[in-house]
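Chain naming follows the written order as A, B, C and D, and within any one chain the residues start at number 1.
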């Protein structure tokens, strides 16, 4: 049963990948993708229930492992993938009919999307830190061509930078993993288990702190590069701006959380072994640095997708900051923020995708009066912007307030004040640009009419979920998060 | 019984919300109008219910607390209506009633279905959140309501988003208010870290354990955070942009009650959450800010000839006057004079109510003018008293009230403020003794300037001859609008004549904070304000009104006795011998305020541009264009440099993203090296 | 019952004195000025006949004016009458003193001014607007100076009730020679000159557009309306002079309702007011009218003096 | 054949040589030389892996050793050579820091690396594990690889820098942990190969689109 569920979660998207390679008809591989992501999401739900009941699930002698933390991120990833799959169909059909994309390479897109999905799940399901690393490296490889999908100069440039920077980062992370393995070997003596997270956790007290500290530095920089923590975030605006909107959305909602997940795994380990000052200080520093670095780019920006990319940098910073607070409430806020941010980022990027189709531009100055051209998408974008910047009644308000509470509660007064200031300042940039896009008189060359009705329904649903999270968080979710907090406490 | 009232209100508001959502689905104009009327009707009834509730709570001297839900993170969300909340509830609901009524007529110009539906939704949401803000008993619930209010308000400001100035105003508003909220979050977090609870009662209970420095920080946070909303100088800059941009009925709500929530917050924090022993410099600081806001607010108002901007600046001024009372209360309270503190706070809160009434009235009047003439520029108006007789009359009442003329309500509260401040002389503190005469003098200056400003506003708009065809063809507003304005005008007069009745309502509020009854400082006759401190002083608006009416007989009798029946002749105004007088010859609003502009030239910093076109020779001029720009000193010396500095540094920092892959790798490299050194 | 009657009677007496006395003072000032200019001048009682004549004349109304224009004279006149009931002239305490203190008086003055200025704008003439504008501007700088001067005098008594202030001075005449008190007097005197529109602030006799303030506002008034406005400003001058004399030299003012005291009070009031009127006339004759934008400087002097008075009061103590 | 002690000494010598190749790469000007030096480096690394197999009896490393030699020492250099021949007119590298200064900086990096490795080496002393002095060299190689990527502007040089980093990584893995579990090792190899392929494809496409592989000119995405 345990093994079966792991195989389902991992296998369905992988199978879909392979199927898509061989399917020729457009609607078939589109349907395959949607079905696969939906089934994966269902399997993920089953896994989550199992984890909820049994605290953790493992198979193959601990090779596959899922606890509340992994189940949670899996739910986020599969959910996002489902949304993105549904959106992709309409979006890309529209782009094909507009002549933006060669219909022949449409299949490649779905192949890579499914591959991307499965690599992310690989990270989340393996207990072995080495496999986790392989998974994360594979996400880079799977997305490399997706970033360069449009085959423009700028997208090639973005993809090149993306792959190079990510590879450098991931190489550094691998060194961190080797160091961890080394310290594990000293404590465990059976080389097969010394990379297993659960094993390492059980012997955490015996691990050499100085090595683990070093390892954490490398891992943080490495996976931080993938997550987009400043100053390793530099690929993010390029890649996010150049990739097709649904890919960007999945990167912002899924990949970011996967990379953070990897950091969290190490964070737990290091905290247990080294004590709770070293790693938290680093995370708080990187968190605030990311927020601060993102700020000037949000205050002065020309390109709406880059704007959102920097917002993603900021939110990764928020999550890192919250994790760094090191208190249960901080963990709670961080976890909640992962979910909230994913939901709203999906809405934002996908709404921008719709607007981009209508205006054929992602330059902010050229997009005006969107409320008259694509009323639903513009409204979604606008409300999403408020959700993203932590206004009630949306979920991010709750998570950001939780984080602030935790910050003050943990005695990090000045960092928290800075945090609140940065959150507020980022809003200023976002509202100024988004309101200019949404309001005003539209230009003559814009095409009125929503590109896809399905996407509007889906995105509205997502916003409603965010509202639910912001007003009446389900008790089950609360309990679930409590369980994850227990995991994070070690 | 109270629960029924509250429940009725809640249901009313929810029905309002549902209904406006449904309106969006309906198709025909008729249904739209019907839905609109029903929605505003419900808003009216809901407000009325809230009014009854607030009144009951104060009269029955029984606080009300309703637990809404228990949250896992923030403790219990409850509405706790103590006397302060109840008083503000009264203010909110009074204006809510009037404006809802007014809106029925005013929104006839809204024909776009979807937009109107959204308007109704936002309007109801705004009223609901206002009630929520003043009744929330939990800091997080408060923040939620606070933000919903800001959001609803923002969208209402952006209602006419096609114009650039509206978008600018909306941006300024939402930016300022959001930064303010961030500071409020910091404040509540600090309080929470001592109280370990977000409930106001718990926060108030631990005030003794907070060290003075932290208390001061909390106070400053409150002053800045709430000050943004209240429009204190120099945090007011959004206010004169945002209030005019919104539709007039919304402006009335904004100026009348939304900014008062800032006052509510300041009072709530400094007297309730921080307890009864404030530090003295708080009060002095508040007095200072109050004076600056009042004087500069009215001066900038004088420089405006956009009717709604003018009114908006007056809101800044009146917030200053309110804060004089609050600041005085802080001073007295810190020096151990609870009775005086109660008196000062009463004066401030009384002015809260009064300002809500007359400012609401004035904005509604401005809305009627705007609707009738499609312009807010008073230079294009004139002579409207003939076309809009009712509007003119009610606007005049509002203008007189805001100028603190007896026997209207503005006079009563300003008189109380004067009295409260005057007793600062009896307090043995030199700083206060110096601060108070200056405050009094500047309050007098404010009052006089306000009168000057409203002579201008009323005189140029309603009197004389029409300066444009807009003004010539104006027609009077629909009945509901007139009734709403009339009701507010009547309230201005009634409260003006019977101020003691309001003081009775305020007694429990101050009693809760200072544990003294206002009755020990002032006697509470409905019609007379009697201060028993010192040598005793009194003023009786009721008798002033009666005597004014009675003494009117004297000139009438004299006129009839000496001159007999009046003989009248209608003639043209003397035009220095010219054949006839043109409306363009009248004094303009810009000209009217010129002497004051000259006197206060250092503060208002007017720049004028004159363009003259000559046709034949310099003596025969075809057109003269005169443009006057006033620039706020805060814009010039604070916000513009700040804005520039932020943008410049942002531009500079943006060079971090060079586009060079090598640089990016260098970032990683340097970070790695630094961390390696750190980790050793 | 007899108390009520007494109150009404005393109020009526007060009213009558002000109503009847005011034109006389105006006449005296004119006469003194004429004498100082080596003219014979009009009879002292000329203002009475002026008023009489105006009341009987036909009224000419501007076609562009509204009810505000017509109501204003009555409002101005009535508000001054009400002030007359609040300021101690003959007797202290005034029977109706509880109706309003000095702040009320200031704001009642503002009421009259507010409507006069509106009436100026109502006629659609450039002169009216000019007058209103100047009047309101000057008034706005008069008011803080006036308020501070009042506060400086009120602070000794600890009350803003005029009757209380005067009573306390009567009962402790020592405070009359307090330096703070004297400074406050000078401050209030300057304010009086400005508030009543005398030279050097305003010239009540000119109709030159460059200089006129108050006259410009009421340029369109005629007949009985003009009579009431004129009479009201005469009463205003009278009341201010009475106030000055009683607040700073409360000699002879009646403190009980006996015939003797009242007569002494009336005589002393008349004497003091006449003396002050002569002073005003002398100042008017020996000074030129100030430029409009020099007026703030003069009022600043009043303001500073009053502030100084207050500080002195705090330093030396009451 | 070779006991652990000898193997350890040999590994140390090989590691030093590998580091020297890295320095040589930094000091060279020709693209083709870059590729050759890299091939040599990978070959030496393969030898180290073989030594680990022989010396410590870690037989699963054999696969890694073979893969290293096959892929890194042969396949990738051949592919890179073809790319260079096909698209590169100019065989000279482009650099933003001159060679003497680069070498100086790399020397400094060496010092940083040894100071970083110190605590780990100290920890090794305490345990019964064989002391390895390879760790500083491998960290230094990673830093030098990153440094090459930072300062050399062409696409191919960047690939070589990245691969040098990975070689350093692999060296450290071999030296201190005698390799990873097999599946991990294979996975890592697979990933690196794919990454190198993808980068190669991008170099082609960039060359087609921009008519240069000078990365310095990829600067349209800023801010």
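Throughout what follows, contacts are C-beta pairs under 8 Å (C-beta built on N, C-alpha and C of every residue); 3 or more make two chains touch, one makes a residue touch a chain.
Keep in mind that this is a model prediction, so the values were computed, not measured.
Contact counts per chain pair peak at B-C. Summarising the inter-chain layout, the chain whose CA centre lies farthest from the centre of chain B is D.
Centroid to centroid, with C-alpha atoms defining each point, chain C and chain D lie 99 Å apart.
In this assembly, the C-alpha centroid of chain A lies 78 Å from the C-alpha centroid of chain C. Chain centres here are Cα means. That of chain A falls 44 Å from that of chain B. Here the CA centre of chain B is 35 Å from the CA centre of chain C.
Along chain D, residues 116, 119, 146, 149, 158, 215, 218, 220-221, 223 each make contact with two or more other chains. In chain C, there is no position where the chain touches two or more neighbouring chains simultaneously. With touch defined as above, residues shared between interfaces to two or more other chains in chain A number as follows: 160-161, 164, 168, 172, 214, 237, 297, 300. Contacting chain pairs (ordered by label): A-B, A-D, B-C, B-D.
Of all residues in chain B, only 69, 72-74, 140, 143-144, 147-148, 151, 158, 161-162, 164, 167, 170-171, 174-175, 178-179, 181-182, 185-186, 189-190, 192-193, 646-647, 649-654, 656-657, 661, 663-665, 667-668, 670-672, 675-676, 678-679 touch chain A in the complex they form.
Listing the residues of chain C that touch chain B in their complex gives 15, 19, 52, 55-68, 73-74, 77-79, 81-82, 85, 96, 98-101, 103-104, 106-108, 110-111, 113-114, 117-118, 120-130, 132-134, 136-148, 151, 154-155, 157-161, 164-165, 168, 219-220, 223-224, 228, 292-293, 296, 303, 307, 310-311, 314. Contacts from chain B toward chain D in the complex involve residues 654-655, 657-662, 665-666, 668-669, 672-673, 676-677, 680.
Those residues of chain A that touch chain B in the shared complex are 160-161, 164-165, 168-169, 172, 213-214, 216-218, 220-221, 225, 231-232, 234-235, 237, 278, 282, 293, 295-297, 299-300, 332, 369, 371, 386, 389, 391-393, 397-398, 401-402, 404-405, 407-409, 416-417, 420-421, 423-425, 427-428, 431-432, 435-436, 439-441, 472-473, 475, 478.
Contact residues on chain A toward chain D in their complex (touch as defined above): 128, 130-131, 133-134, 137-138, 140-141, 144-145, 148, 151, 153-154, 156-161, 163-164, 167-168, 171-172, 174-175, 178-179, 181-183, 185-186, 191-192, 195, 208, 210-211, 214, 237-238, 241-242, 297, 300-302, 306.
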